[in-house]
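Order of writing sets the chain letters: A, B, C and D. Residues in each chain are counted from 1.
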Amino acid sequence: MASNFGTLFRISTWGESHGPGVGVVVDGCPPLIPLTVEDIQHELNRRRPGQSKIVTPRKEDDTAEILSGVLDGQTLGSPIGIFVRNTDQRPSAYTEMQQAYRPSHADYTYDAKYGIRAVSGGGRSSARETIGRVAAGAIGRKVLQHSLSGYEALAYVKTVRHLHAEVPTGAALTAELIESNIVRTCDPVAAEKMIELIEAIRREGNSVGGVIECVVRGVPPGLGEPVFDRLEADLAKAMLSLPATKGFEIGSGFAGTTMTGLEHNDEFYMDGQNVRTRTNRSGGVQGGISNGEEIIFRVAFKPTATVLREQKTVTNTGEDTTLSARGRHDPCVLPRAVPMVEAMVHLVMADHFLRQKALR
Amino acid sequence: MASNFGTLFRISTWGESHGPGVGVVVDGCPPLIPLTVEDIQHELNRRRPGQSKIVTPRKEDDTAEILSGVLDGQTLGSPIGIFVRNTDQRPSAYTEMQQAYRPSHADYTYDAKYGIRAVSGGGRSSARETIGRVAAGAIGRKVLQHSLSGYEALAYVKTVRHLHAEVPTGAALTAELIESNIVRTCDPVAAEKMIELIEAIRREGNSVGGVIECVVRGVPPGLGEPVFDRLEADLAKAMLSLPATKGFEIGSGFAGTTMTGLEHNDEFYMDGQNVRTRTNRSGGVQGGISNGEEIIFRVAFKPTATVLREQKTVTNTGEDTTLSARGRHDPCVLPRAVPMVEAMVHLVMADHFLRQKALR
Amino acid sequence: MASNFGTLFRISTWGESHGPGVGVVVDGCPPLIPLTVEDIQHELNRRRPGQSKIVTPRKEDDTAEILSGVLDGQTLGSPIGIFVRNTDQRPSAYTEMQQAYRPSHADYTYDAKYGIRAVSGGGRSSARETIGRVAAGAIGRKVLQHSLSGYEALAYVKTVRHLHAEVPTGAALTAELIESNIVRTCDPVAAEKMIELIEAIRREGNSVGGVIECVVRGVPPGLGEPVFDRLEADLAKAMLSLPATKGFEIGSGFAGTTMTGLEHNDEFYMDGQNVRTRTNRSGGVQGGISNGEEIIFRVAFKPTATVLREQKTVTNTGEDTTLSARGRHDPCVLPRAVPMVEAMVHLVMADHFLRQKALR
Amino acid sequence: MASNFGTLFRISTWGESHGPGVGVVVDGCPPLIPLTVEDIQHELNRRRPGQSKIVTPRKEDDTAEILSGVLDGQTLGSPIGIFVRNTDQRPSAYTEMQQAYRPSHADYTYDAKYGIRAVSGGGRSSARETIGRVAAGAIGRKVLQHSLSGYEALAYVKTVRHLHAEVPTGAALTAELIESNIVRTCDPVAAEKMIELIEAIRREGNSVGGVIECVVRGVPPGLGEPVFDRLEADLAKAMLSLPATKGFEIGSGFAGTTMTGLEHNDEFYMDGQNVRTRTNRSGGVQGGISNGEEIIFRVAFKPTATVLREQKTVTNTGEDTTLSARGRHDPCVLPRAVPMVEAMVHLVMADHFLRQKALR
């Protein structure tokens, strides 16, 4: 089950970083949804290494091939297989890692769990694994947009280390704004500073983290299934399943814990025929179910574990040693993580949309 | 699936707040685990209303009955049914709520989702639902302790509004310390101030939230299943499925996003035969898999939505109105949420423990 | 998972034969379905011991209590808990069985699997376990009939040992006809002979088996999910999960293997706007999906393993011995198995009905 | 879920007959299992078209590529992706089928369910879909043989239409015997007659069906999970999920319904330290759990629906018409179905083997 996600809109991802390729099978996608390989490729390009000067310079085309489930631009209702062949493999750059466990990577825990590990490129623990998610997320979005006009998920970098972005409200927050800078933040002024910071950190061989925020619009009231499959619970799992994540909060989040109930509660009012709330500390979810307001949440990404400096560690035979990573790395994962966050949103929402269709 | 949780150690909870009762079925519990009704009752008592002056004064005995799956103090390997009959039902106190949606409660979203709702006592959206989880968690703990010496999960109140507890390190942090005060914090000095705050807030008819932290000890390296069922992902889902939660973070969490990689990485060293880390910013999980260090995470609880003051809202027929809750409420859910957090940890850990047994 | 069944309309059964009771939790039942305890009790009465002279004379009331999920005669969309308290427990009659494994019972295999066993009454391996299924099936039927006019599942005894019933075609086959005799066959003449046979066999302390056939009407085209969750595959699993079953066949079944393709194929024709087949060797399912014709299948039930005669066997400490069962037994399980078969049909159909709603 | 099978050893198959290819992802395979592409290719070759004069003469190489999850001949514990590219595509031969529904095929029901269909080659309803199962089954077998010495599943053709094979008992029944003839029966004399019959039927443009029997050896007592995931229930589902199947029976099966309990019961005896049964009418499973005896079951395969003769049918626009299939077809699916049956056995057994490991 470990590489399966979803109940009705269900995906199975597979693939190691330096094996023949990576991919995904999407089972449970409804038939008659318009879908082209470009829908998928567009998202993969946003996730791709080498796309800008602040991400890893590795050259990987990440070209998607649809192997099944689609005919003449429409889904068939059968499993959709997506395949991305690996092209850029440089096992030589990683030799030292075969013995020494990289600090805060998954090397040691994979050995502890499986007793074997695909060392080259990080194997299954590489962020390359997320290609399957991003491809599947693109399909989930098509399913949602086919039925829900106005559905969209907009993720953006809110902070990089101590740098904060100003977030415009309402219609001013657009996909175009976010894509207008290579950080994928919603504040072009902050973007410049963030780029400078990331470049400086890279020159030091160091890395930084930050926070991605995501706004989901056009979700009707009623999605989410108490008591365990609450919408925020499934979103939390989705986000914490992404590499390098350390936290999730929705609506008022941790800051909301310092408010009183009277301050925190979202009063209802009628907006024509619609029940609305004046504030949105709930983050669009109440009792585990969407209430029709914007869903808004944040995800904490730690600084990339790969740093090009000497660190103390141990070998897989139990001896203390030091390790200096070399080569290419992402000094900050956030720009490339934005499409991953959106993809996971689409997967959660498509699943709950279908589940609600079954229920009523 | 909505009221099911777990893959191998799998629970199904059921029951509305003011119906005949609430309960749980645990499927997949291994046979030959020692289990008595007292093991379960002990945890239910920690969750029970009326246990102290800072929680709701409702009188509910919450007496557990084991209906199946246990014989002569041992599990049979068959489903374990637990039943807690509801005793204290006062539907009259809630009449007004039939028309008016309580702000930041699940009234509106339940209507939007199901088109029907058990109004009295909050029905399925009541925190009474967590009785099943707490009972099942007690069983999960027995399973873990049967195989893992030293396994324990210690949750405690870390903050109430702006009040912070000092957390003792290592062996000084014990279940006895936490149970020594009615807030269930690990700092007896802070406990006094927290109690004062909660009592003052209650007198105002208001409410407060806070943060619960949890330390899990005795988890061997190797639990957690990438890429989706990472240990932190399943913990995040477990926690965000609890009522009133707004956030989850593990290890360094959101604060870790302001560190550099060099500052954040946990260096490895050999401690005799064991691979250890000098710091624990990872929070005991790397690459989604436990590394043998203490697992440490925090959960944000919003202030209780029920406040005894007039609030603006709407009716279920779409008219603006006001609502003043009366009666008994929890001014702060945290003392009673501590055993809920621990229960969800046991459920996640028991499941992953069995999954790892199957794998190797 | 072992006591869970279904994907969207999902049940969890629990309970040992001589424990406090047996029951079921139904998760995923849509809201706003009319449901009363009488709907459930009616089916339990058809399954109940002591209902006629040809079944076991044990006196068990099997009174159902709805514990959750239903309010004022309507489902809430939350889990429906059903509880049947055990009343007639005679552990004394079974003492010998603690040591000796009853031939063709589950005594030995339960010990081999679990290392422990609820000996009294057969524990979880008792057919008493099917109470939960029958109760849940009654709910599944309500869900289906709420949306599908004309939906019904009619099971009947087709053979008892060598005695065959004539099966009337079309509208002549009714629930009333089947309930008109205590065997639950569709042929009143054969019924007399079957009753005589069963009574004679009982007097010998022996037992007989037979075949139940089931016709399902009112199923629209489109239910069933290739490639694994084909409708016939899920029906086969459902039937073979019932105690004492040894075989399943749909449509032409095993007899169809002696026909040629030209003889076997069901030609299509137009019946007004509807695509129909002239013959129904497919049994209402083609390619794993219902085609709108009657679904028709058969289930083989072995003779009851309990016989009141001395048999050779071994003890649980590995010694050869003999065993003579005493007391009450069902000389033929088929009359009471008829509602079990129907219940499992309802569970499979309700699940696939909801799954198809999600898909399109 | 429809193209997913298994709980712990879980597969996802994908692919249409005339699309780019077909394949499978195996999730939950334990690490450190020896596995080469030859293990998989060997079984695909037994399933391949064109392998003998009595199967379809289509030329398809069905060459497997392992895309992930295996390194240096050992499994990694990560998902194993298998890909078989489609090579022989002749869409032209099937043009007529775009309008006319082939009798007893899945054309009509796929349209009814999905509203769209990959017409060419039968799309997802083609038996080509079973390539993924056979590949995954080969992996399941490796998992089982790694832990269970003596494990093997031997399927063979028992009948073709009215022709019956003699089945040798005990050690005389071997894989070599079955592979010694192109029918894959265990009786070389009957094989000759079966070949003659199939060739004659092919010349007529007609088809025949038959029964495959399977013996599974080396299964320890204790596999299978009551009450729903009984071993025979999961086997029944597995078999009825194969194309062209109409029935399943285990042990005494339908014939056992004519015996009395005294005749049918399998008496236990001690064979050294082992509990054994003198007869095996149970078919190796009692109470849903393996008892250590040989598991033996039979599967009914209908005559191939494709016949090269004119048949009455309707078009997808609702008009009566006739259809004459042309081209290549399997006059009898049984020889190629033998490895499919074995593959499904391996999948069921590997899953239950891992589940039992988790339980005790």
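The rule is simple: a contact is a pair of C-beta atoms (placed from the backbone, for glycine too) under 8 Å apart; a residue touches a chain by one contact, two chains touch by 3 or more.
Small disclaimer: the values here were computed from a predicted structure and weren't measured.
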{"item": "Relative to chain C, chain with the most remote C-alpha centre", "value": "A"}
{"item": "Pair of chains joined by more contacts [C-beta pairs], C-D or A-D", "value": "C-D"}
{"item": "Intercentroid distance (Cα basis), chain D paired with chain A, Å", "value": "39"}
{"item": "Centre-of-Cα separation between chain D and chain B, whole angstrom", "value": "46"}
{"item": "Approximate Å spacing (C-alpha centroids) for the pair chain C, chain D", "value": "26"}
{"item": "Chain A, residues touching no fewer than two other chains", "value": "1-4, 7-8, 13, 28, 31, 77-78, 113-115, 124, 226, 359-360"}
{"item": "List of chain C residues in touch with chain A within their complex", "value": "7-8, 28, 30-31, 77-78, 226, 354-355, 357-360"}
{"item": "Contact set on chain A toward chain D in their complex", "value": "1-4, 7-8, 10, 12-16, 19-23, 25, 27-28, 31-32, 65-69, 71, 74-81, 83, 113-118, 123-124"}
{"item": "Partner chain A, residues of chain B touching it in the complex", "value": "1-5, 7, 13, 101, 103-106, 108-110, 112-115, 124-125, 129, 159, 161-162, 201, 206-211, 221-230, 232-241, 243, 245-254, 256-270, 273, 275, 277, 281-283, 285-292, 298, 300-307, 309, 311-314, 318-320, 356, 359-360"}
